[in-house]
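Chain nomenclature is as follows: A, B and C, assigned in order of appearance, with residue numbering initiated at 1 for each chain independently.
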Amino acid sequence: MSATIKSLIPTLITTIVAIFIIVEYFAPPITILGDIKGSFTSWAVIIASFTMILGALYLVRFHGLKIIREGLGSQEGLYSSITLFILVLFVSVGLAFGGTGTPQYNLIYMNIMKPIASITRGICFFYCISAAYRAFKLKTWEAGGMLVAGVLYSLRQIPIGPAVWAPIEHIGDWILTYPNVGATRGGIVATAFGSIIIALRTLYNKELSVKMIAEAG
Amino acid sequence: MSEFLSKLDRIDRRWLYAFTIILVIIPIVSPLGLPVKVSKPTRDFHSIIKDLPEGSVVVYEEGSISGQYDVTRAACVATLKLIFSQPVKFVAFCDSADGPVLLKAMLSIVNPESYGKEYGKDYVIFDFAPGGETATASFATDMRKTFSTDHYRTPIDEIPLMSEINSAEDVDLIIQVFVGCYNCDWVVRQWVVPYKTTYLGITSECCTPMIAAYYPASCKAYLPGTIGATEMEILGKIPGEGATVSDAKNLGLIPMILFIILGNIAYFSERFGKEEEK
Amino acid sequence: MTPIEVLMTWVAAILTLMVFSFLWKENKFYRIAEHVGVGAAAGHGTLTAINSIQTSCLNPLLKGQLLLAIPLILGLMVFLRLSKNLGWASRYPMMFMTGTGIGVMLGAIMEGQIIGLLKATVADIFVGNAFLAVSALIVLVGFVTTLSYFVFTKEHKGGLGTSARIGRVFIMASFSCNWSAEMIYYLGLIVSAFMFLINVWIKQAMLGIV
């Protein structure tokens, strides 16, 4: 009974919902089928919203326990309290002033979240610069080809490349449009086959990773 | 020479960062103003929007995130300006949590009212629908089930524009702003294949190699980040910041190329030196 | 600029410099900025989720769409994941979402990503221009050989081995495009950051130059 409720019924739900949506895709247009598919997908959107809040709750629990364990006076406790304070600030401002579309929320979003998010990604550029001297060596013909193609394509993307040497524009576009597309399409097809197999294994309750995640809950 | 190269190998990398920062700042302070050539995907992008018949319905799927907003903003703004200059209907929704804030910020730059557009009659914006591909599928199947109200809490049935629009069957063009490399698959699977909707993509430079695989079969055209924005601004004669950002990037790549060349000179001189010893 | 805009510009500039300080070395300022970013992202995500639940579920439910009680109950069951004894109940909404995701993906994947791409690759060969036809043949060769590289159920020997080795060259060409595209993207972010610091913070907020 326990295994049925905890494991079998959830798997049945997955299978029934998935098969229904797939049948709707291949069947002739029937209003009732489209309505039920529309309901299923909109319900999944609503459930996804709850999972986002669950993520925030996990974050609050993690940092809350850290503050209790380490104390507010400690360095880690201070960092955790900053995280929680900013989280509460954003939620409070949003709820107090009527959502994310208000000028007040826009002010804190654009001046607190945006700069941190973009610069945290951007500083990777500097690490690539320092790695360029040590790591990007022409040890094999393949590595050489990769490096030359990469440099030519990157010069295509900034105005100075075609300005200094006009053919870079066509060479860069050719590298993107032909060798890259060949490999990317092959990769997309390989990923698509893999996705189909994993999806079918999930429907048959044979996919271990899904079972492990479900059992961890 | 080899002494110089081995010294370079031991140099504190913070000097490299400082050198790079100086080269990045120079064109910001003193723009180089180099010309930009327009690529075929951008030409197609521009002409597809320009050739839209009157009354066409355009759906704009905003998937920008704050970490990439600076790179996609110029392209999105140029696109929005071009769309609002056309006699078409515009429906926007967001598939990223940051989408509503960023879309509103871009619309405040574009100012649709200056093009004679009226909210509710010519354009409408919806909020964020979480769930990734499921949200895209939900919006394509039934817009009313996905969103009961628009961004301003107006019930969808009270919006004049939405009286004849409810699913992808009523849509002529979808423009997706995406920043995850596989997000373009969502629109191909949920809009292009089932409904044969024309699909245009706007993305940052890092996802351009991915969308290029779908061009021109599934994705009719795309804009690759700031260079795409610059090209759109040139084609559409739309003033914007794309040209400024593209110009400012000109010298930033020089340290990378310089150190790759120096690194390889060091490597080969060491390698040939060892072979001579043998 | 209004006083509040000037203040927030200073906040943005200070946070930007705090993140840049990581280039010097790991330090407290960077850690503080990092935690601010995490808190902001979590807060923003929570707010948008609350907004989405309110507009997509609660408001229509209160107006009479009683069927929305089902996703509401399933959504509330998600929080049972926090409980040790009742955590298994959170599988119901999770597996519902998994089923929906599989369903929407599987329907169109064959046509959109397998047959569609194969058709596009073959069709490009039959164009009038010889150079473009040869280039399209290169795409086809890349397509087939890259696919053969991902066959892991058979050892890469003989014909398959040769094909996989050629596929690896094409994969490296794709990696080179991806790598250089990433570089340009990061450079774009850095440039935008410096443009903000110079044009907005220093010129407008500090010196008052518009």
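Following the convention adopted for this analysis, a contact is a pair of C-beta atoms (placed from the backbone, for glycine too) under 8 Å apart; a residue touches a chain by one contact, two chains touch by 3 or more.
Just so you know, these numbers come straight off a predicted model, no measurement behind them.
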For chain B, the least number of touch steps when starting out from chain A: 1
Chain located farthest away, centre of chain A as origin (C-alpha): B
Chain closest to the middle [Cα centroid of all protein chains]: C
Between the pairs A-C and B-C, the one where more C-beta pairs touch: A-C
Chain centre separation (chain A, chain B; CA means) in Å: 17
Centre-of-Cα separation between chain C and chain A, whole angstrom: 4
Approximate Å spacing (C-alpha centroids) for the pair chain B, chain C: 13
Multi-chain contact sites of chain C, meaning residues that touch two or more partners: 23, 44-45, 48-49, 51-52, 56, 97, 100-101, 104-105, 107-109, 113, 117, 120, 174, 177, 181-184, 187, 189-190, 192-193
Junction residues of chain B, two or more chains touched: 17, 67-68, 70, 97, 100-101, 129-132, 134, 137, 146, 185, 194, 205, 208-209, 213, 227, 249, 252-253, 256
Two or more partner chains touched - positions in chain A: 25, 39, 41-42, 44-45, 48-49, 51-52, 100, 109-110, 113-114, 117-118, 120-121, 125-126, 128, 147, 151, 154, 157-158, 176-177, 180-181, 184-185, 188
Touch list for chain B against partner chain C, complex: 14, 17, 21, 24-25, 28-29, 67-68, 70-71, 97-98, 100-101, 127-134, 137, 146-149, 153, 185, 188-190, 192-194, 204-209, 213-214, 217-218, 225-227, 244-245, 248-249, 252-253, 256
Chain A-facing residues of chain B, complex: 8-9, 13, 16-17, 20, 32, 34-37, 39-40, 65-70, 97, 100-101, 104-105, 129-132, 134-135, 137-138, 141-142, 145-146, 151-152, 185, 194, 205, 208-210, 212-213, 224, 227, 230, 246-247, 249-253, 255-257, 259-260, 262-264, 266-268
Footprint of chain B on chain C - complex, ascending: 23-24, 44-45, 48-49, 51-52, 55-56, 59-60, 97, 100-101, 104-105, 107-109, 111-113, 116-117, 119-120, 123, 174, 177-178, 181-185, 187-195, 198-199
For the chain A and chain C complex, residues of the former touching the latter: 5-7, 9-11, 13-22, 24-26, 39-59, 61, 75, 79-80, 82-91, 94-95, 99-100, 107-126, 128, 142-143, 145-147, 149-151, 153-154, 157-158, 174-193, 195-196, 199, 202-203, 210, 213-214, 217
Residue numbers on chain A that touch chain B, as the complex places them: 25, 34-35, 37-39, 41-42, 44-45, 48-49, 51-52, 100-101, 105-106, 109-110, 113-114, 117-118, 120-121, 125-126, 128-130, 132-139, 147, 151, 154-155, 157-160, 162-163, 169, 173, 176-177, 180-181, 184-185, 188
